[in-house]
Each structure stands twice: as structure tokens, then as C-alpha cells.
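The first chain written gets the first letter, and so on, giving A, B, C, D, E and F; residue counts start at 1 in each chain.
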């Protein structure tokens, strides 16, 4: 499995190097938004699962939040559901929402739970409906997108005892609708769900898995990775055009988390196996870390 | 809502009549297998939800176990999945199992949870995969039915703290496969799942919702309902041909529960609104109750 | 027992109608001042006992406070104790106080406890001396009434664990004297004792049992019952002469409770069987409820 | 207060001599049957109260059980109640029982509680009815004595948390009747009540306060006090005629306690001030101690 | 052992006189600085040990802090270590510090623990290094005294659970060095260590054992003992020249404690056997007590 | 620090390889006997400290037991103490025992505690006297060796809460003498102390650090290391002359531990840095592991 022959002394050295990080994060909460390629590729998936189990093992209160765009796509196609698009955004009608809920809460979620348990961890699969974790109002847009919600409140009272029992909660981005949508399911953005739950849990870190290296000063040069940036510097980076396109909503999520008290947010490259572990437990990080100031 | 005008005194009288039952069942565990018409008809569904919330409110540790045949059927049809039948039994291949899991864990389960919360209760939706509640081996039959399991072990360690918090666990009949099916999902019988979890929780009662009145001495005469029968008398009733056909697996479930320590099992008629409440909280039961001896 | 033949469906409906109230009052504290006819008539007494047991059963932290004028009267007569009256008020000398204490703490109190246990509940009988629940100073009046006290402090530290154990504390209106009456027993007003203990427990409700319907707009017309009134409106009702005579001290008690944080106070008609239950658990109340504003 | 001028060094010496006893009895339960002259004489009463408060202070789980013959006598006389005697034993009819209950639970009990609190201790007054501490059947004798009971069961579940809170439970010898006397109060023997509660609490010691020195080898010579005797030797002492008359039921109580697991029983002379303290905390005991063997 | 023959009644009287003090100090924390002659004389040592065990027994959270000058002296001499003096103060080089640490933490400390256990108490011996109880910076003086520290922070998180378990912590005056002395041991003043730990524990009292009577108005007249003085009056006493020489650092310690919230500080004469007990548990104190105001 | 340049992927791989061991040992107790070269060499010492902190961090209840022969030797020499030898064994007179206690409990013990805290861990230094952890009788030999004890009882009641708080107890091999040596300190064998405390704690593992590779089949060939052997096979190895000399008492210790319920005992080579970590957390062990069977 290892690429090199590594001496016992070096093996021990690597474990010892991880020690200060293990000490630092002990009993702290880290919320991982799991997504992108790392959900599709089997080897990457296995590595993510190993990472979160290790985190849980060394005493980190670990929460996994996930969406599941591609699997929803596939199921919609399979059922022959035609989608209506409004300004390029899919309209989520009741039938679509049913598919979203089934795929996220019934398939993706439980498969992750099964994989964690297959690897020796313990997990429970939940969604925002359970215990009213996420209550949402319908997203108010110019154009009505249907059953799409924005989170109104987060209730982590059922998550805390799960974390106390050293079980990993795996949470789907489906919310319980309130007000005029009382009792309905609403589709919510998984990145924001992760940021909001990190905030509600007073998390130490939010880790967003993406399919890019992090924030690059020069988008064409992976060596230009910005390893550490303060919350305040993000605005400059936007003005300078360094944070653009898909990176904008990712950093927006990090801002939500940090502005609500989360200490650090990491935008990591989910295409690298064990990216979480390397970012958290080794001296040289491999992602962009956003600090409070 | 009430059919008659009922005096305040009579209202109070009915509450007071319920008192000894409330006292008796306080802090006891009752597992309800929810199924049949009561899952399809909106009025019946509402009544079941009200019943379990009331049970939870008066201090009964209430667990809901459900399957969902008709909704699986509908989804299979929708996705155009052709089923292979073996001796009249559907073969559950991986694709079918994925649909089963999605519908049960993602749709039926979460919809029940949402409905409980809409009515003021608190619930968490789980399946046998979560925390390894149900571990199953593949069912060994003459003919291979595919991903169909029989329960090997039940782990209620995550359910107990949920019940302690007065939250209603709602559990789908999907199991975590072990041995040669390690990590796979297996389809299990919901009645047996309910019986097994009742046993593991040391439940006071197992309540099986069916679409019949209970055990009838004369199948054509609803007035011939056997209201109470001992575990030992069941064999005689089978020999006498009184327990036949669909009632055989139902009573078999009750036997499993009672032989594992559950005090009483009730076969109730889910077609009557509030059948659970009437059976549990009024002097005249309306179902068949099976006692330990 | 019921006056009408009531269908099972209606029975269930009545239980379900009680559900939102049961949910609302769960783990809340309700203090009932028990007195008047409901203490003398055996049928009414039985109904009150059933009501408080039911309250306790559905998770209400239920406290019963009682006085016992008629029984004291009878015992004084029996022992041939001549009373001295001052401006129409009885002077409580040491000998009278001994009788008061014996009757309230030794007879009325323990008989209520026995009756609760006979009906399947659990209760403990206490008075203000026990654990220093009520400490009182001698009432300073123009005329000295003897060993009559006004409550100086309330200590509920021994009541909270009793309520946590789901046991009903039954408390007599006798206080522990302090300052110049250190260690002596003092007679206190039971209505005020109930109001003060409700305040000290942060109760949801104070329920005062009386021998009238509640506050009537027209004292001769029971249909003129004021079902709900705010704390602020009471003054107007007094000015208008609607609250008069015996109702004045009753509403004064309610004001004490509400001004100290109790959410609602109910003046109910103890002459109706199950008045407490009907007021608390049905849609149509039958008493006067005083709200905070 | 002290009879002699005692040097500080000697004062300290006396405290230090008490140390091993304090250590030995820490967290142990000691049940004191309070009765006789020590209940009538004010100075003795004060000394008993100081003793039990000191016991409680140094960590002894202290329980006080009392009867109250003379005060009952006085009240019966006061109310002009004529007693019927059967073979010299008073018949306890309902009216008499009411007086017994009032005097014991309402007067004697609460006065002891008040006195403990006046001296800086904390106490709660209970009787056998509260929480069903003593359940009793009617005593079956040749001649019916009326509402006189013998203890059928003891439930200390409400006493343990009181002791955990370092509060002194003071318990009257009135029981809750069961079976044909369900719900009625029954008069029980206070010595036996103390012995039974000591057994139920797994007490270290039962201390019976009497009006004699203890067991005297020569009833006319106080110097013949038997300071220590084993359970087995009691029979010999009875045969030898050393244990006679009033000492017979006292030793019988001790036997009940010891045979049910209480380690030691002490028959002490309540006429000496601080007899309990001297017996428990000084090297030279002043009473008869009965050991298990 | 006692100097006089003392009657049982007087023995009991002395115990009862101690009662209000026992009640007052129950669950309070008292820190005793143990030192001087009371550490050298075997009879005095035994008396101190008995005093602290008795304190612990009656529910006082008792902490013992000690230094050990004479024993360090002896060991330095034994090892032939020549000391360098700076302005009359010994320079603590590493070799000297090693001896200090060995003697205090290894000998004096563990011998006290052994003696407590020999007398039936329970104790744990700790020093400022354990759990980082005392963190110290090197004392900044004109002249460098070597490894001598002043306390920078006190962490009592490991002491609280020990006290909760009714075990006596015995603490040596050796600190864990921080900053430039990170990880080194530093010698600290035991009186100040006691004052600081009393402050950190929110103690009721600091008791400093000395070899003098307390503060004397006339240093040559033991009858001029000032039994009680307020924190504010100390300044006057210093100006008046009543507090001089060795008493200055002792009162300074008391000031530290009282200014940090300790209620009272006692300067007691360790040459009197049981001085602690007499000061704490009898009406006439024998030391100087400094009050907050 | 690492000998090679190791890729991030391999670093992660090594952490992941440790995962199953971390999972396996979570909340298990491992007792490490620290001794030999690993106590003398600074680099080895640092590595041991890092190992035990890492163990503690990943949830292992880690206990360190130590002796300290060489440092005792040095101190005896320094104080000029002449030793008397009996059959080649040193006689431990009181003066020698004082030195032993000072060096072990005051110097070696506290230095280890300081080093753990310097590296970010939390530790408390104790010896067998504290809380009576080790009670010992004088070793009965043909020749009297003086104050040398053999362990009579082990009391871990003060160690359990320390482990619960994730603090590392560091324990010196000095015992509290009982019977004729009541209250004296006795010198005990540190290996046996470790074995006995492992047994008393129900430890998963005892790890004995030695200055050899483990059990070698050929004492001259390090490649002949026996990596795993059952308790039963040890006798054969002794008969075959493979276990000889210094290895005999080491294996005897392991036998004590295993026969008292410890699952596994490891004889590891303390001369290799991080030997503990490599033995516990990597696939290839580097020591001799003794299994229960």
C-alpha cells in the first residue's frame, strides 16, 4: 500500500509528528462537507472514510454533511422525470423533491453509514428532518425554484449526544419546511448546511471538500496555492479577481461559518487521497485555510 | 370531529378511565409495527401518528417499525425495473435493493418522521444499517432470492438513549449485511424486525398493525374475534385451522417476540382509526392479544 | 360510570384532543390549591385525587397544597376549646395552634396521601415546617391574632427532588416561625401558601379550587363566566364591582403568583367533578383563567 | 454548661478521642428509636436533638423513629374519648386511630422536626403512609384490637435520597393498611418499626432509647450492666431470668434488626443527657450493645 | 491521655459545643500551611495529623501545604553540598534544587501521607509539578538567587476531585517552571503557595502554623495576643511597629489570601498540640484571626 | 528528524495503518514499566514520553510505573552511605530506604511528570504510599534484606478517576508497609509492581521495557526473536534453556500479569526509540508478546 519501504523509526516519527495535532483537536468538533469526486471514485471514497474514522478515533467530534448531485441526476434520468429549468436553474417540483429525498436520505446517506461501519467505525445517518435539525423556509427568489429552502434554524440537540457516544453523524442536505411549507421537505445547499451546523456546534473547523486545489493566486499554477488567508483578506482577493466563479460560493460558506464563531475553514482538494488527514495531521498543509483574522 | 356531543363529565371520565393504563405502561417499551392500509389512507395515517405521539407523551417508550411494499412497487414500476420471479417470489437483485433502500429509508421513513414532527412530536428516522441496529445474513433458501436477509443480531445501544430523550425512533426494515455480504444492504421482513427489536428492548408489548380484525374463530364473522389467547393456545388454533394463511406469519412473529421475553403481542386492525389507542387505553380491547401463557 | 354510551372512536378522539395539552404541560409544574367542598364530598374528593394522579402520570410536576377549616372547626369543638374572637377573627393561641397543626399535618394531609396511594399514585405529605419550606413571621395586624403568620421565605429545595421522582408532594398550610417566634408553628393562609410555592417553583399554573364558578360578570348568571382575563384587567373588574367579597382574596392570590412569574392562574369550581382535568385537558375551559397580560 | 473547667488541651483530646468513631460510622446508617422520658423532659429532648444533629453532621445517615404514648393519652382524655379495653389492651377504633394519627404525625413528629431545625439541623417529618414506607396488615390476635397493624413490607426508596441530602428523616409509627384495610391507617409498634426500617436500610446500628440502664445482671444494681452481649447469648439471659418483663420486647426488637442484617443494636438509657453521643463516640459505652454473634 | 478525669456529660458537652463549628465549616475548604516546630516534634506532628483527619472526617475539604527547611538543610550537609550565599540568601543552583525536590516531594511529603494513613485517614502527596498545580517564573531580584520561583498561575483542577473523594491532598512547595525555565523545577515559598492555593480553591480559611502565639501587642507578653483583627487594621499595626520582623511575611501571606477572596486567615501557634482543632472548634480561639474587614 | 523524504500519501498511509490498533486499544488500559537505558539516554527518554502521550491522546488509559536503580546508586554514593551486602544483595536499612524514597518519589518520579507536561501531556506523580496504592509486607527471606517488601494488596481506587480525566499516573515502586511495618516505607520490585497494578486495573496489556530484544531463541542472534508465545509455552522455553538468567524474572512478571487477567504482556527493547509505539501501532511488532494461551 505504501509507495516506499519505510523504516519503523520513520513510521513512529510520522505518528509522533501527528501528536500535537491530535492533542490540539481532542474533543473539538470538525464538520466535513463531503462531496465532489471524492464521492464518486471508490479509492477516494475509501480514503475519506478512513480519514473520518481516524478523526473520530483520536477524539475529534466528527460530523459528515453531504449532498449528492450526480446520483440525483442519474435517478431523475432513470425515472424519466423531465426537469423544468428557470434561468438555468432546475425547478424542484414535488416529484423531483421526492427523488432528491430518496436518493440523498435513502441511498447516499445510508451507503456512507454502511461504509463507515464496514471499516470499523460507528455512524448514524440522519437528514435535516430528523429531530428538526434543519428547519427551512422556501427560498425567496425572483423566480420560484419550487421546493428549495434556505435554513431558518438549526437544532443540534440530537447531534450532541451522538457525538458524545463517539458515533459519527452523517447528515443529508434535506430540510424540514416550516411556515407555509410546514411538514414538507425542502432541498437545501449542502455546503451551507455544513457551515450552519458547524456554527451551531461551535466547531473548531469546517472542512469543505472540493475538486480544486484550494485558492490559487494564479489559477493555472498549482504552486500558487494560498495556504493561509484571513477572513478579512478574502474581500481583497475577490476584488483582485483571484477568488472567482465556483470559488465564490465556497468562500461565502467559509465566511458564514467563521462569522458565526467557527475558528477555521479549510477548502481542500478532494481529489487527493487522504487530503483531510494530511491537512489536519501533518506539518505541511495542502489546502487553503481561512482564519478568523 | 367527535361523532356525538359529549358532556365534560364524560370527557373527564374517559381520561380517568385511561389512567390505570397510563400508569401501567409508564416507562414501558411498546414497539408498533406500522403497515398496511394505515400507511396508505391519509386519515388513518394521521390517527396512527396521533396515537404514537400520545403514547410517547404519557411516558411510553414508543418505537415505530415500518416496511413499505406498495411504495416500493410503485417506484420499481416508475423506473421500469423488470422483476425476476422465483416460485412466485421476487428476486431482489442489487438494482432492486437500491430502490427498496431508497424508498424505505429515504421516503417512507422520513415522511413518517416529518408527519410526527408536524403534529408536535419528536422523531428520528433510522434503518437497520444505522449503528448496526440490524445485522443480517443472506436468507438461505432452496431458491436464491438475492439480497434478502434474516436478522442475525440486533443492537439497540443507539435506540435506548433516543427513547430516554422521549424521541420516537422510526425504523425501516433494511439491514446491514455481514459475512459474505459484509457492508451490503439486505431486505428484511418488517414484522420480524419489529418482533426482534421488541425482544432486544425487553418491550412490554409488540403491536402488529394488520388489515384484518385479529384472529377470528369464524373468518366470516367479525363478532367471533378472539380477544385474548395464550402463547400455548396458538398451536391448537393452528391445528383447528382457525389460524390460517396470512395470519400464520403474523402469529409466528408474535411467538418470536413472546418467546424472547416480550410480555404481550397484539394483532390489531389498522383499518380502524386510533385502533392502537383504543386497544391500549380503554377497558374493552378491539384486537387479539397474545399472552405469555 | 359514564352518562352516555360513547363509541370507541369518540373515546379515542377525546384522548387525542387531550394530546396537545399533555404535550404543552409535560415537565411543567402545576400547583393545585385543594379546598372547599371538594374536600368534604367523597365523590368530589375521589375525582380530585384521580385528576392529580393523571396529571402526575402524564408528566406534570404536580403539587397539592391544602388547608382544612371545617376539620379544624370540628376538632376544636370536640376538645371543647373556646375560641376568643377579635373583630370577628379567631385568635390563635398555642392550644388552638396545636389543634390546627394536628388536624392539618396529621389528619387531613396524611388522609390525602393515603387516598392518592390507594388510587395507584405516589405521594408524600409535608408541611411548611419540613425542611423549612415555609418560614413565616407573625402577621402584624392592629389587633394581635396570635400564632398567625405571613410567609417570609419559601425553600423548595426538598420539593424539587420529590417532583423529579414523580411523587406528588401534598403540603399543609403550617409554617415554621422565625425571629421572635423561632421554632414555633404558625398558621398561614393556604391560598397564599399555594401562590407562593407556585412562584418559588417557577410553576406554569396555579389552580385555585373554590366553591364558585369563577369570576362572573353577573353574579346571578353562571353563563356570564369570564373565561379569560389578563392580570391588568383585574383592577378594572374590581373597580366595576365585578370582583367583590370572597373573590377579592382569591384574585389577590392569583396576582401574587402571576407577579412572581407564574404563567397562568385558574379559579375553578371545585363543586364540579373533574373540574381540574376539564379545565386543563379539554378545548373548552370551565373556569376563569388569569393570564400574565 | 460544662460542670468543670476543662483545659483546651483536654477539649481537643476529647474531640480526637471521638475521631475513630466518627471515621468508623461515616456514611453508615444509624436508626434511633426516640421515646420514653427523653421525649417528655425538655432538657433531655434538647440533648437528643443535639446528638442526632451532630451525628448527621459527621456524616452518619441518621434516622429518627418515634411513637408518642403519653401525648396520645392526653389527647384522648381531652376529647373525652372513652377507651374500650380487651384483656387490658386498648381497642383502637377508627375514632381513636384518628387521634393517634393526628397526635403522632401532626404534633409529635412536626415538633421534633421544628426542634431539629431550630438547632441548625435539617429534617423532614414523615409517617409510614408517605410513599408507602410501612405497609401493614391488621394484627391477627385472639382478641381483635381494632386498627392495630403488623408491618408487612418496608419501602425505603423515598428515605434514601433524603439521607443522601444529609437531611434527617423523622418517622412516625403509623402504617398504610393493605388488603382488607387498604388505604386505612394502622397503629404500629414504634420499636418494631425502627427495627424494620434499620433492616431495610441495611443500617449499621439500631439505637433503642429506653427508661432503663440497659440489661442489668442484677436488676437492683446499676453496676451490673451488661455492656456487650451477642445475639446468641440473649437466649441464655432469658432462660436465666435476667431478661424479663419490659426488657423482653426490647430485646425482641434488637433480634429482629440483627437477624435482618443490622450489625449492632444498643439499648440505651434515655434518662441520661447525651446518652446516644456517649455510647457512640466515647471509649466507654454506657449501654447494652448486642452484637451479631 | 487527658490531664483530668472528665465526666461523660462533660465529654458530650464538648462534642456538642463543637457542633456549630462543624455545621459552619461543612463542605468548606480550609488550607493548612504545615511547618515549624510542628513538623519536627513527634508529639506535635501526631496532633496535627489527628487534627486534619478530624477536619476531613467532619466534612471539611482539607488541604495541607508544606515546606521543609530543616530537612533540606540536613540533606545538603549530608551530601557535602557547599552553598553559595548572596546577601545572606542561599543561591539555589541545579544541584541544590535537586536536593530540595527530593527532600520535599520524596521524603517530607510522602512521610506526611504515610502518617495520615497510619492514623486512619486517606491522603495523596503531590507537588506543584503534578498536573501543573503551581506554574512559576524565576523570581526577578537584583541578585540572582538561582532556581527560585514566584507563582504565576495555580491550577486546582486535579485537587477538586481529590477533595470530592474526601482524600486529603498534601502539597510540597515545588513549582513547575515556565517560559525560560520551561520544564525545570523551581523552589517556591510554602506560605505563599498555601495562600495562593487557598485563593484558587475559594477557601473559607487559610491556617498558617507558626512558632509564635500569633500577633502580640506586646511581644514580651503572651497575654497581649490580638485574637481578631481586620484586613484594614493590619496596616496600622505595621505602622505602630506591632507587626515586625518574621510576622511581616506571615501577615503578607494572609493579605494575599484575603485579597483573593479567602474569608479568614489564622496565624496559629504550632507549638501547642491540637492548636488547629482548638482554634476551629472551640468557642475561645487561641490564635490571631484576620477578617476580611 | 525523519531519515527519508516521505510523501504525503505515505504519511497518511502510516496514520491509516495505525487506525485499527487505535480502535482496538481505545479505552483499554496499558501499563508500561519504564526502566533501563530508556531512563538514562535523553533521546530515548524523549521518545518514551512522546509514546505515552500519544497513547493517552488516542484514548488509551496509560499508566507508567518506574524504578530507578542507577539514580539511587548515585545518591547513595553522594551521601557516602556504605551499603551492607548479604549474599550479594544490598541490605536496605532505614537510612538507605530514605534515600530510595527520596530519589524515586522526589526526583525520578517528578522529573518524568515534568517531562510529560513539557511535551504537552498531563501527568500526576504518585507512589505506593499515596492512597495506599501498594500495601506491602516485609519480604520473608532466609536472610533479612531490611526494608524490602512484597506487595500484599493493590488499591487502584485513586487511579481510576485520574485515568478517567485522561491524566497519566506515574507511579514509583515504593510501598506502604503494613502489619509489623505499619506506616513504614518499603522498597518493592518495579516490574512486579507494574504487573500487579496491570492486574488490578484489568489492563489489556503490560509492556515491560528492557535492555534486550525480547526472548531470543538463540541469544546471539537477534533474528531469532520469538515474536509471539503463549503463556503455556513459556515453561517449555525455560526447560529448553531459552529463557535464562535476567529473562527469568521478566517472564515471571508477565506470568503474574497474565494469570491475573491481563490479556497480553510485551517484553520490548527499550534501546530502540519509539519501541512502544512501533510494537503497539504497526503491523510488524518488534518485541516478544506473551498471550494468554
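Keep this in mind: contacts are C-beta pairs under 8 Å (C-beta built on N, C-alpha and C of every residue); 3 or more make two chains touch, one makes a residue touch a chain.
Everything quoted here is computed from the prediction, not taken from an experiment.
Colleague: Which neighbours does subunit B have in common with subunit D?
Modeller: C
Colleague: For copies subunit B and subunit C, work out whether under half or over half of the interface numbers are shared, and give different or same accordingly.
Modeller: Mostly the same residues form this interface, as more than half of the numbers used are common to both chains.
Colleague: Let me have the rounded angstrom distance from the C-alpha centre of subunit A over to the C-alpha centre of subunit F, please.
Modeller: The computed centroid separation for subunit A versus subunit F comes out at 44 Å.
Colleague: Starting from the mean Cα coordinates of subunit C and subunit D, work out the distance between those two points in Å.
Modeller: Measuring from centre to centre gives 35 Å for this pair.
Colleague: Measuring from the mean C-alpha position of subunit A to the mean C-alpha position of subunit C, what distance in angstrom results?
Modeller: 56
Colleague: Using Cα averages as centroids, what's the distance between subunit C and subunit F in whole Å?
Modeller: Subunit C and subunit F have C-alpha centres separated by 68 Å.
Colleague: If I count partner chains per residue in subunit F, which residues reach a count of at least 2?
Modeller: As it turns out, subunit F has no residue touching two or more other chains.
Colleague: Building nodes from the protein chains and edges from chain pairs that touch, which of line, ring, star, complete or other describes the result?
Modeller: ring
Colleague: Reading around the ring from subunit A and passing subunit B first, what chain order results?
Modeller: Sequence of chains in the ring starting at subunit A, next subunit B: A, B, C, D, E, F.
Colleague: Which stretch or stretches of subunit D touch subunit E in the complex?
Modeller: 1-4, 6-20, 22-23, 26, 47, 50-51, 53-54, 57-59, 120, 272-274, 277-278, 281-282, 284, 286
Colleague: State the interface residues of subunit C toward subunit D in the complex, per the touch definition above.
Modeller: Listed in rising order, the residues of subunit C that touch subunit D are 75, 78-80, 98, 101-107, 109-110, 113-115, 117-118, 122-127, 129-132, 158, 161-162, 165, 167, 174, 176, 182-185.
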